[in-house]
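Next, two complexes with chain A in common: one pairs it with chain B, the other with chain C.
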Partner chain A sequence: MAGWNDRKTSKYVGQKVTRVDGPAKATGRAKYTFDIVLPGMLYGVMLRSPHASAKITKLDTSAAEKMPGVKAVVTIAGVNSTLRYHGQEIAAVAAVTEELAKDAVRAIVVEYEKQPHSVRTEMAAKIADRKDAQPSMIPEGEVADALKSAAATIEATYSVPIRLHTSLESHGSVCKWDGDALTTWCSTQAVHGVKEGMAANQGIAQDKSHVICEYMGGGFGSKFGPGVEGSVCATLAKKAGAPVKLMCDRAGEQLATGNGPDGFAEVKAGASADGKLTVVKANLFGTGGNSSRWGLEYPYIYHAEKRDVSMTGVRVNCGSQAALRAPMHPQACALTEMMIDELAYKLNMDPVEFRLKNQSSQLREAQFRMGAQMIGWDKRNMSPGKSKARFVRGMGVATGKWGGGGGPGSQVQVVVNSDGTVLSKVGTQDLGTGTRTYVASIVAEDLGIDIDRVKAMIGDSALGYSGGSGGSTTTASLAPAVKTAAQAARAQLFAKAAEMLSTTPDSLDARDNKVFVAADPSKSVKFTELCARLGAQPIVANGQFDGSLQQGGVAGVQFAEVEVDMWTGHVQPIKVVAVQDCGYAINRLAAESQLIGGVIQGIAMALFEGRKMDEHTGRCLNPDMENYKLPGPMEMPEIIPVIYDTHDKVAGIGEPAVIPTAGAVANAVYNASGLRIRHLPIVPKRMMEAMA
Partner chain B sequence: MNSFTYVSPKDLADASKAIGPSGKLLAGGIDLLTELKEGLIQPQRIVNLKSVSGLKDIGGSGDFKIGALVTLADLAANKEVRSKYPAIAEAAESVGSPQIRNVGTVGGNLCQRPRCWYYRDAEVHCLKKGGDRCYAVEGENEYHAILGGGPCHIVHPSDLAPALIALDAQVEIFSNGKTRKMPLGEFFQLPRDNVYSENVLKDGEIVTAVTLPKAMAGWKSSYYKIKERESFDWALASAAVAMEMKGTLVTKARVVLGGVAPIPWRSQEAEKMLEGKNLSTEQALQAGVAAVANATPMSGNAYKEKLAASAVGIAALTAAGMEAK
Partner chain C sequence: MADEIREETKKGLSRRQFLRGVGAAAATATVVGAVAFRPKTDEPKQGPKTDLDAIPGAVPVSLKVNGKTHQLNLEPRVTLLDALRERLQLTGAKKICDMGNCGGCTVYMDGKPIYACLKLAVDSQGHDIETIESLAPEGKMTPLQQAFVDHDALQCGFCTPGFVMSVNHLLKTNPNPTLDDVKQACCGNICRCGTYTRIFEAALAAAKARKGAF
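== the complex of A and B ==
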């Protein structure tokens, strides 16, 4: 197999290519699941638990069922069911209008027996038995000795909050039955995952389950399966005998479709005078919500000579966690990087140099050096906390790591028709990362034709299998399969062209909508003429994964500059330099866009996001976009995305992009203000309290 | 959302009659729609005030009149407001997002309900909804009142009100076929006086305009709002400061805080610190400290004292054309 295209001569692959679906999205022509309206379609609405912990003692849907216009009611919980969090699904209604469905939901009579709850990790953790998930291998005395002999030590608690995915398009689907065959339009990051999930939960064969997702409005790791809302939608549709649309409302979305876990780190750490991290002792805890599954790597990428880390997952009466863009890495990174930074300042050592002394990757070291030079690291604040000015500026840094390699499974088919149209078909989804664009561009490149001749057909389970978009593996898994199919189509095309040009296929090349003899470009045939010769035998070429085209294992370093208003505690991001490798960037523009998006989401984590629970009522206080705050245009710094070129194989970038930002911003706040805020998000409240 | 009758009255008398005890006025609808959708109110009639003419006027050669239906965007863009009453333009500009300012009205901004997350949660039966307690007292109160709280601890969400009160605005209210006027500062009421309503409007009464005394046009004024998120947020604390000045000497001052009390909070303590003195950074910041000297913060909102103090200082300096730094 040929490798990826030479960027010196390629037209699309390895270059900056604008999204093929950009105009459709910008003009509203692109149809998302939310936009699907079918003839006779009903609207589904969910009834959710108002309590964090309760037993259902009565559940009566009869009044709702009798309401004119209500076509189906299904129960998810029943009498004696235990409800474990605010927002948990109890029942759902399908009716001719959404308003009527809401009225019917309110007509369902439920009585509860409230039970004790705990909704705050830090409170639950006090009660929870702190079992060592990774039992200490080091005798207690050794840790104490190491701390005693360290040149600098810190003892502090750090935390990052629970974050909500807040996808702009909520979870949900439109379900339509034809006999025992189900078609589901679903906002998902796993078209085939939903196909299989729907088949399983509806008890039908997989070949009777058809899933369509042409466009989707964000998932970030929370949209891999049908979900409760998806399977209930199918059940409602079956019961009603009509198509049903059920999309979560914002509160339901924020409460019950997943969240990114929090993390608390109670740390004692020490370093030697020459900048070696000699000892890290940490008690870590956090919650997976309605499960005690929780864990992260500490002290993340850094090597500690003595390391004693215990980990506890605590269960709370809140919705369960779901993967959230680089699961547990931004948490591990921020909890580690704030601590590392604090130690560096205690040692009076350049925070970059301290980091380099405690990690071994040459790639990462080069990224540190490059980013430092680009942001002007030597101009950082050399005396944090000494200024009396209202506005102070500072810089911070953090680093991350990720896998992002690919794997087998994707089945791609390229079809070249006699009219010169080309199809590149695979049942993948575009999570918003630009999948559709490279499904077209790789084929256009290898056939030497304009990208607008190639129609990328994706987002449909009737097309070839492709896996879910998770772990930043989609491009590294799928792009090699597209490349393989494109190469196979090229070979067939060249065989035909060789006949016409009286030469051998291996002497040919293709560019500018022509196939020509490489050594004598005057001998050529137009792509359309070539296609016309195909007659009743269009080219059909298949492609599978080729491991030689991908390679996981990436690093990233980000530098942030912020300005702090010491009178108001306001933190304004000024500039972020994000240096990230992703091997061979198939589409440099999309890769940069991923980096920028990651930085924005990281700024949100540093300064704004955090789910708030009320311990007394057990209810979430901000299942909305008013008090669950995401940054807007005013919060945006200058973002400089740097694709750090390494090898010529593809790796993912979506998740690594977000990892270092929050830690870098938090450390920049310290450098600017001299205030060490150890708990994210860094809001004015925390700044003013730290000034006290 | 319950079904309701939609009424388009032809004049104020008609509108007033239509509201009655179970109707709600619709102007921009920004707050009304969320209250309806969240299930906080179940009005039987929605009375569209926009069908009544004459409520969108702005200007006047004597007192400066701002109709209740003037949008926040139009108010912020008005040249006369910007030059004579800058605090009001700044306050209008600080509200919500461009989309909200294009639709939201002056009357709606003054009459909007609080943003307290317990009040806004239909499942939480708090004092304001006839319940027996304010959940903020033992709950999450970082956004709640540090002044004037109790038994309910909301903060008044209006940005316009502090600026208008600092400029001595009167509010015009249509009531029983007549229009009465009162100082806007007296329009708002504390929870201890009436926990169910943030203002003194009675059933059927309609805010039709606010007027600014001509004399205040000579004052220097500014509004400063501290928020968590610049792009779109409510005030953690804000301050409107208006001053009559001779050179750097402050002869008269009016200071009103926002986001820290159940009503726009006038601080005579801060005014006294400014009056009769030459304005300096130190003087301005000290006035801010005086403004919150009597604050009674809750478990999680003491930080607002410093924010409010800073807001006063920054607004005073900005009003005087001095750099706040």
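== the complex of A and C ==
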């Protein structure tokens, strides 16, 4: 199998390619699930629990069923059901308008018997039974001795908050039945996951379940199956005998469709005078919400000579966690990097040099050196906290790792028609990462034709099986299959061209919409003429995964510069240099955009985001976009994305991009101000408290 | 522009209270509404053709959108955004926060950007509404839209129409914006994928390409 295209000669693959669906998105023509309007379509609205913990003692939908315009009511919970979090689904209504459906939801009578709840991790952890925590593998005395003999030690607690995915297109779907066949338009990152999930929950065969997702407005790890909202939408549509659109409203989206877990680290750590991390003792805890599944790697990528780490997941009365862009890595990274940074300053060592002494990757070392040079690391603040100036600047650093890489399962078909049109068909969805673009560009490259000749058909379960988009594996799984299909189509095309040019297929090459003899380009045939000869036998070429085109395992280093207003505690990001390996970048423009996006989400984690729960009522205080803070245009620094070239196999970049930023920003705040804020997000209030 | 949006926000925040009031009044208004307010359509009036024609409490609403006047039958509580999206199928404006926080629903009213989620359709009568669909009616992108594509100023694309509308208005009123001007103009828009810096590049490139002439 041919490897990926040489960037010195390629036109599209390995280059910067603008998105083939850019015009549809920039003009508003792109149709997302939320935008689907079908004739006779009804609107579904969900009733959700107002309580964090309660038993339902009465549930009466009879009045709602009689409300004007109501076509179907379904219950999800019942009498005696236990509700475990604010926002949990109870019932849903489908009516001719959303407004009428909302009226009917209000007419559903529910009585609750409230029960005790716990909604805050740190409080739940105090009373949690920690017997499930991993037992220490190191005798108590050894850790104490190591701490005693360390040249520098720290003892501190660090934390990162629960973050909400806040996908701009909420979870939801449009469901339409034709007899026992179901068509679902779904905002998803797993077209086939929804297809199979819908078949299972509706009790139909998988071949009766058709799922379409042409465009989707963000998922970040939270959109893999049909979800409660999807299943309920299908049930409402069946009951009403009409198509139903049920998109979560913003509150429902924030409360019940997933969240990124928090993390707390109670740490004692020590280092030797020559900069070796000699001991890390840490009690870690956090919550998966309505599930106690929780865990992270500590001290992340660093090697500690003695490591004693216990881990406890606590259950709280909140919605369940979902994967959130590099699940648990930004948390592990920030909790580790703040601690490592603190030790480096205690040792009076360059924070970069201290890190390099405690990790072994040459790739990462090279990234540290490159990033340091690009941001001007030697110009960082050498005396944090000493300045009397109002505005102070500083720099911080952090590093991450990720798996990525791909696997088998994506079906690809390339069709070349006699009129010169080319189709590249895959079932996979495009999360905004640029999938549709490389599905076209890989084929255009290998057939030597303009990319606008290739129509990429994606996001439809009828186009063939494909996996979900998780773990930054989509490109590394799919692109090799597109490549093999493109190569197979190229071989068929060259066989035809060889006949016309009286030569052998292996002597041919293709470029500029022509197939030509490589040794004598004057002997050529136009692509369209070649296609015209196909007649009633269009080229149909299938592709499958080729492991030699992908490889997992990447590293990234980010440097951040911030400015702190010492009078107000406001932190303004100034510059971020993000150096990230992703193997072979198929589209460098989209890869850079991913990297920029990761940095911005990392800034959000460092300075803005955090779900707030009220312990007294058990309710979430900010299930909206008013009080759940996200950074806007004014908070943006200059961002320098650096795709760090390593090998020539595809790895994936979506998730690694987000990992180091929050730690780097938090450390930059210290370097600027001399204030060590150990709890994210670093909001002005925390800065002011630290100054007081 | 940011100030205008904030102004709209202040005015519009009473919507939820308004909705509550309408909900209570809906039952009594039902009978009267259905009979008294028949929708104005060009079709022969032979009773309700679809459920949408028979919504209790609905009133005739005339909306001028992208130069075309539409006669709709809507409850007074229906937002301009929902009317545009669900009834006129102009779905470029997106419903995201539905509370005037994110700018995904930005449209122009009499040439000024507003949040369509904070404006009732009934209150939008007598005004010129322009949606993103009006910018490239024949499918040919404006130079600004082309700049968004060229600079990869979009990822999932869900916030994109809102940003295009905000920047487009900026370039109309300030043909030579600085980076700060662009940031200010987009202050009412939220992007979750993290595309802001690309958007700034696209806006400045589009302005530069026009050399101040919009």
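FYI, the second predicted complex is superposed on the first by the 690 of 692 C-alpha atoms of A that agree within 3 Å, B and C clash if a C-alpha of one lies under 4 Å from a C-alpha of the other, contacts with A are read in each partner's own complex, and residues count from 1 in each chain.
Note that contacts are C-beta pairs under 8 Å (C-beta built on N, C-alpha and C of every residue); 3 or more make two chains touch, one makes a residue touch a chain.
Remember, it's a predicted structure, so these values are computed and weren't measured experimentally.
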Between chain B and chain C, whom does A:Thr568 touch in the aligned arrangement: first, second, both, or neither? first
Now for A:Val599: first (chain B), second (chain C), both, or neither, which partner does it touch? second
Between chain B and chain C, whom does A:Arg533 touch in the aligned arrangement: first, second, both, or neither? neither
Classify the contacts of A:Lys685 with the two partner chains as first (chain B alone), second (chain C alone), both, or neither. first
Which holds for A:Arg19: it touches chain B only (first), chain C only (second), both, or neither? second
Counting residues of chain A in contact, which comes out ahead: chain B or chain C? C
In the overlay, answer first, second, both or neither for which of chain B and chain C A:Thr433 touches. second
Taking the superposition on A as described, I'd like to know which of chain B and chain C A:Phe391 touches: first, second, both or neither. first
Scan A:Asp614 for contacts with chain B and chain C and give back first, second, both or neither. first
Touching A:Pro633 in the superposition: chain B (first), chain C (second), both, neither? both
Check: chain A residues flagged as touching chain B and also chain C 99, 626, 632-634
Chain B residues touching chain A - in the complex, by the definition given at the top: 1, 97, 115, 117-118, 121, 123-124, 135, 138-140, 142-143, 226, 228-233, 236, 300-303, 306-307, 310-311, 313-314, 324-325
In the complex, go through chain A and note every residue touching chain B. 50, 99, 102, 389-391, 567-570, 572, 608, 612, 614-617, 619, 621-622, 626-627, 629, 631-635, 683-685, 688-689, 691
Residues of chain A defined as touching chain C within the complex: 18-19, 21-32, 34-35, 37, 40, 43, 68-69, 96-100, 103, 106, 166-170, 215-218, 220, 247, 249-250, 431-433, 589-590, 592-594, 596-601, 624-626, 630, 632-634, 636, 638-639
Can you list the chain C residues touching chain A in their complex? 23, 26, 30, 50-52, 55-56, 75, 77-78, 82, 85-86, 89, 91-99, 101-102, 104, 131-133, 135-136, 139, 141, 145-146, 148-150, 152, 154-161, 164, 182-184, 186-187, 189-200
